[in-house]
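In order of appearance the chains are A, B, C and D, and numbering begins at 1 in each one.
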Amino acid sequence: MFRFLNLTLNGLTNGMIYAAVALALVMIWRATRIVNFAQGGMLMFTTFIAWDLAQVHHANYWVALVVAVVAGILIGGVAERVLVRPVENGPPLNAVIVTLGLLIFLQALAGMIWGNSQAHSYPPAFRFIGYKVGDRTLRFSPNDLFIVLSVLVVVIALYVLFQRTSLGLQMRATAFNPEVAGLLGVRVGRLLTLGWALAAGLGALVGVLVAGTSSGYVTPVGPFDALLIYGFTAAVIGGLDSPGGAVVGGVVLGLILSYADSYISNFIQTMYALVVLIAVLMIRPKGIFSRTSERRV
Amino acid sequence: MLTVEDVVTTYGAVRALDGVSMTVEPSTITAVLGANGAGKTTLLRTVNGLVRPRAGRISYEGRDLLRTHVDEVVRMGIAHVPEGRGVITELTVDENLRLGALWRRNRTELQQSLAEMYELFPPLAERRNKPADTLSGGERQMLAIARALMSRPRLLLLDEPSLGLAPRITAQIMGTLRRLRDEQSLTVVLVEQNARSALSVSDQAIVLNLGRVVVSGPAVELAADEKLRHAYLGF
Amino acid sequence: MKRMHVRVALGAVGVLLATAACGGSSSGGGGGGGGSGGASAPGVTSDSVTIGSTQPLTGPAAPGYSEIAPASDAYFKYINSQGGINGRKIIYKYVDDGYNPTQTVAQTRKLITQDKVFGIFNALGTPTHEKVVDFLNQQKVPDLFVASGCLCWDNVSAHPYTFGWQVDYTVEGKILGKYIAQKFAGKKIAYFYQNDDFGQDGVKGLDMEIPKNMVVSRQAYDVTNTDVSDQVSKLQASHADVVVSFSVPAFTALLKLNMLKVNYNPQLAVSNVGSDPITLSGLLEAFAKQAKATVNGGDLIQGIITDGYLSSPADPSNSWIQLFQKIHDQYIPKLPFDGNVEYGMAAAYTFAQALAAAGDNPTRDSLVKAVESGLPQGPGLVPFRFSADSHAGFTGAQVGVIKGTAIKLLGSPQTTDDGGGAVQDFSGTQPQAPSNGIPSSG
Amino acid sequence: MADELESPAGALIAPTSASSTDRFGVLSRSTLLRHTLAALVGFGVLWLLITSFSDYRNSSWIAPIAFTVCAAAGLTVLVGLSGQISLGHGAFMLVGAYTLALVQEHWTTSHGNLAMIGLLAAAAAGAALFGALVGVAAARLRGPYLAGATLALALGLPTLPSYEKLSGKLGGNAGLFVSSPNPPNGMDLYRWQSVICCASAVVVLWVLANVSRSRVGRSFRAVRDDEIAASLCGLSVPRVQVLAFVLSAAGAGVAGGLLAMIDLTAGPQAFPLSLSFGLLAAVVFGGLGSLAGAIYGSILITLLPLWSQDITDALSVHSHKVSSNMPLMVYGIVLTVAMLAVPNGIQGLLRSLRLTLAPGRRR
């Protein structure tokens, strides 16, 4: 029972991280109908910026976090304007290749600046030693709680933005039907840029949060890539078009991976993601929460 | 109010509009008639800036429309209801309507406009929080017109509102247009293939064929011209 | 339309011809270079010897290990500044394989075919080097002092050109195992190990000395999955008092971190390759502040039991440490002076010994013969096992404990074999480093 | 290439005319003949190249380009002709490599050339079988969902050999050993490996060229252009889609088998996600749906990192951080800029050049 509780809490924490990455991917997907494969690279890069501030220049944790998020917003906006805009209406695969190119570029740039060989650990925001229950210690710490709550707050904020504000309404209109939105006076181009910027800002937050959960996490190529894949899987499970679905998909995936890791085998984590994904898609080929039809790759 | 002079619009080698001129007076309904491919939709798209013409002038209340950006056109009081209705089916009725009044910041005015629209189109009021894809064809057309009206336009550009609708619904919509002209001094440019119903509400009309104006004049006269009806209007 | 496919084929051929045209000339030049020096072997000219290596400069094994090759290179540069070995400078070309066996294969092939190195030196990693050892022996390329303690390097009949260097993991397991079985008699013991020949060889040694009934849990990890929280939970659930770990430094740090998280504090024992204190404290530094009262990463690893076959880098009275520290300060001052740097320099010293012994005109075979005829002890705490029958390196190790940022050695060095032989105290002493820091030839 | 310019209507009408020509055989046999001739000429030229190249160029250029071509050609048939997508083609290469290693380990003792052809055929068959399995699932999926599923496949499958219950048979993370092919007398190993790879590439191209010109190829295009219209014309859309996966996977399987044969190992880490992405980049960069494009793309993605490494070495950049990341950076920049500058790939560029230079020959 104690083991099950631990696995559930562990799965929940990881799941919230996957959910946030999934949400960032869904925001970009809704805005531009592009799967942003550079998401992992972008959040790796912003996490390095935070690392440089916090560990090299001894900046305050929160200052580094804010700088990372701002950097993410800038990188996302610039990427959309400079790289994605020209291929947005071209063949869909070209957009895929462009985001892959950006991913590779960011990995190389991070390697050039910070090096590939050192181990970069990032501090957690709060105590990472688990809560005590009687004489036993949970695999769930104040820092994990902070991760879960941060993502929850962001999810709620995004929900309010999308559902309750005029800006959010315009973003959704642009996502669903940019041409009609334009006819109604929505400045479509700006909102696409904004969509990318917000998604990248969210990614930057995730990067800093997750970096504090494991030693040696911050490297140009590595754990952040896996994050993208789990986030993508979660987004597809949820239905790609649905922010709520992304969150549910993330948590479901986190829990399944946590249980399977312990009860089956620790060596085939990504295999579980594959099995879950295929199982979901065989039952619902467009994810669990998708209502709309997709337009293109 | 709206003046179109010698406008030429081309798609590649095709001249979709070939020297079209027309004048629209305030508080009137102008029907633009003609067969498929005559250039009717292109005329509307050229007027609101979605397509840039190759030559000619378009002015609205004395201002040059050719130098104006699409979203600025909306702010100047010109609303466009595109062909195929263009409601965003994923959004609710209410959200679609709100999109029509984006640039208006005043909340009470917004609420007032919403109330007016639900009064004008009662079927929409019943479904205000349903996604638009649950609406019938006629209801979608109503929603599209209502959304255009949300911006309090003085000029409404309507593209084929009767397409695919039952005659009874078409008649309802035409009736509403007449009411808006009479009660709110709305000016309407109505592109239609269904010439009979369009002429029944219009003050004046032009007939396009292969990008040129073949006839223009008061709607009553056109409706009475037997030859014209046979040659271009099909009734 | 019919013409299309012919055109496809011709187009493709054209492109290939174009690449051939621009490639052909330089390949001819490269091929000629080897023979023109009048030297005896590939990679050897009248004034230089070029050797190559594959190293994990990136990836899961990079923390710590990425310092080894620069340290070896620093030692070679030092030798070169003193005139080289037998008048030849040593050019050390080490390339990154990311601890990825596929990369190792491609990079090794490139070193042999393009760079035409004389031999491979100190290529790092068990799973990586296993993939090229057959190939190197097929090509009759000396494969000296593999940076891995796998038993597999000592196979004279199958791999006559391959030699180990460090103590093998089974011998290490036996020495650690004997110490633990005695010191913690009656306690519960658990293993944490890398799921490949490295970890399995180590566990084999442990099992020879630790009675089976003392071992309550065996948890393996895979280098591609950095989430080891579940293994740690299972170790904790087994209530083991001692956890013995055969892991690379990154995973030793992950093990420690996850133990801290669930407040599980058994005695840790970590094999030599995973226990460098400076590397570990660097990995754990960021977490120290949030881990209760401790203030730096080093505090989190105090008291870990480990073993070594070289002197502690924190022992300034040792002549080898003085030599290596001097070279470090001159050539690679930016790197920490830790066990990895010492390892790289010590291995490079052994290579210089072998090259010096290989004669004035070294050939690939004369180098192999030189090592097989035995090398003097050098910087190790114990002698080498090299002979015509054995290609294994150090014969043993000495148990120690992490104290501060150094390993404090306990008792005396011990030697054993990787079979059923007993673990015995080694009574010899470590020789002094030569005053000029260069092994004498012959 | 010209094929993809065919209108949907043309593609739909074509099957009937093809079946009639099949019956008389004149045209289709001459297509076969032409492809065979081109293949023979191509291989002859490659032979000349291989024998004049150094060991390094054979082992680092020719052989990798040749096996990449096998996989990329398969992928371009899938993506360009049948309109499906695979972000995880490396998974099929992995299946090919392991099939070859397992067959060699359990069923052959001979290292002769016949055995080798058999092994490569087994690699193709193993991958094709797996492709059928994936194809059945894929036929239900569209667009990003198919992309996501194949991506997860490329990521998940390489972990399977580590699974405790399989690691004994599949060699865990380290993989399986593959013994090297025996070169005929007087030829060294690298040349021989290049010969094998090139011969395989020529055979794969020959097969795919013929298939894509046949009724099967036309049914691929029909399904790609309009699934509903294709099914109205009596094509079973799922069956066609599965078939495309099978064919494409077989090409990748051969590539995987060749890779294993060159590396003397079949290991999971030989098939990272970057391999799958590289294949896709090759296909898009070369020009979707074109076999010639697959060749250009393969050359690019193989040589680009090598060349940028050489250039970096020649510039003798002192910072190791900068020099070691330079090839990666060049790769990323070239990919991005190429997609922005030449959105239709090299083949598209050549086509528009041809149209500009010789407008009279427009079809």
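To be clear about the criterion, a contact is a pair of C-beta atoms (placed from the backbone, for glycine too) under 8 Å apart; a residue touches a chain by one contact, two chains touch by 3 or more.
Keep in mind the model is a prediction, meaning the values are calculated, not measured.
The set of chains in contact with chain B as well as chain C comprises A. In this assembly, the chain whose C-alpha centre lies farthest from chain D is B.
Legend note: the chain whose CA centroid lies nearest the centroid of all displayed protein CA atoms is A.
Chain geometry summary: the mean Cα position of chain C and that of chain D are 38 Å apart. Each chain gets a centre from the mean of its Cα atoms; for chain B and chain D, those two points are 53 Å apart. Work out the mean CA point of chain A and of chain D, and you get 32 Å between them.
Residue numbers of chain A whose C-beta contacts span two or more other chains: 111, 116, 220, 267, 269.
Counting partner chains per residue, chain D shows two or more touched chains at residues 159, 162, 167, 320, 324. Residues of chain C found to touch two or more other chains are 57-58, 96, 195, 222. By the definition of touch given earlier, these chain pairs are in contact: A-B, A-C, A-D, C-D. Listing the residues of chain A that touch chain C in their complex gives 3, 6-7, 10, 55, 111, 116-119, 121-124, 126-130, 132, 137-139, 141, 143, 212, 214-217, 219-223, 261-262, 266-267, 269.
Contacts from chain A toward chain D in the complex involve residues 29, 35, 37, 83, 86-87, 90-94, 96-98, 100-109, 111-116, 220, 225-226, 229, 232-233, 235-236, 240, 265, 267-275, 277-278, 281-282, 285-287, 294-297. Interface of chain B with chain A (complex): residues 48, 50, 70-71, 74-75, 80, 82, 86-91, 95, 98-100, 102-103, 131, 147, 151. Note for the complex: chain C touches chain D at residues 1-2, 4-13, 15-17, 19-20, 23-24, 27-28, 30-31, 57-58, 96, 100-102, 105-106, 109-110, 113-114, 127, 130-131, 134-135, 138, 195-197, 222-224. Listing the residues of chain D that touch chain C in their complex gives 1-3, 31, 34-35, 37-39, 41-42, 45-46, 49, 52-57, 59-61, 159, 162, 167, 172-175, 177, 180, 189-190, 205, 209, 213, 263-265, 267, 269-270, 272, 290-292, 295-296, 299, 303, 320, 324, 350, 363.
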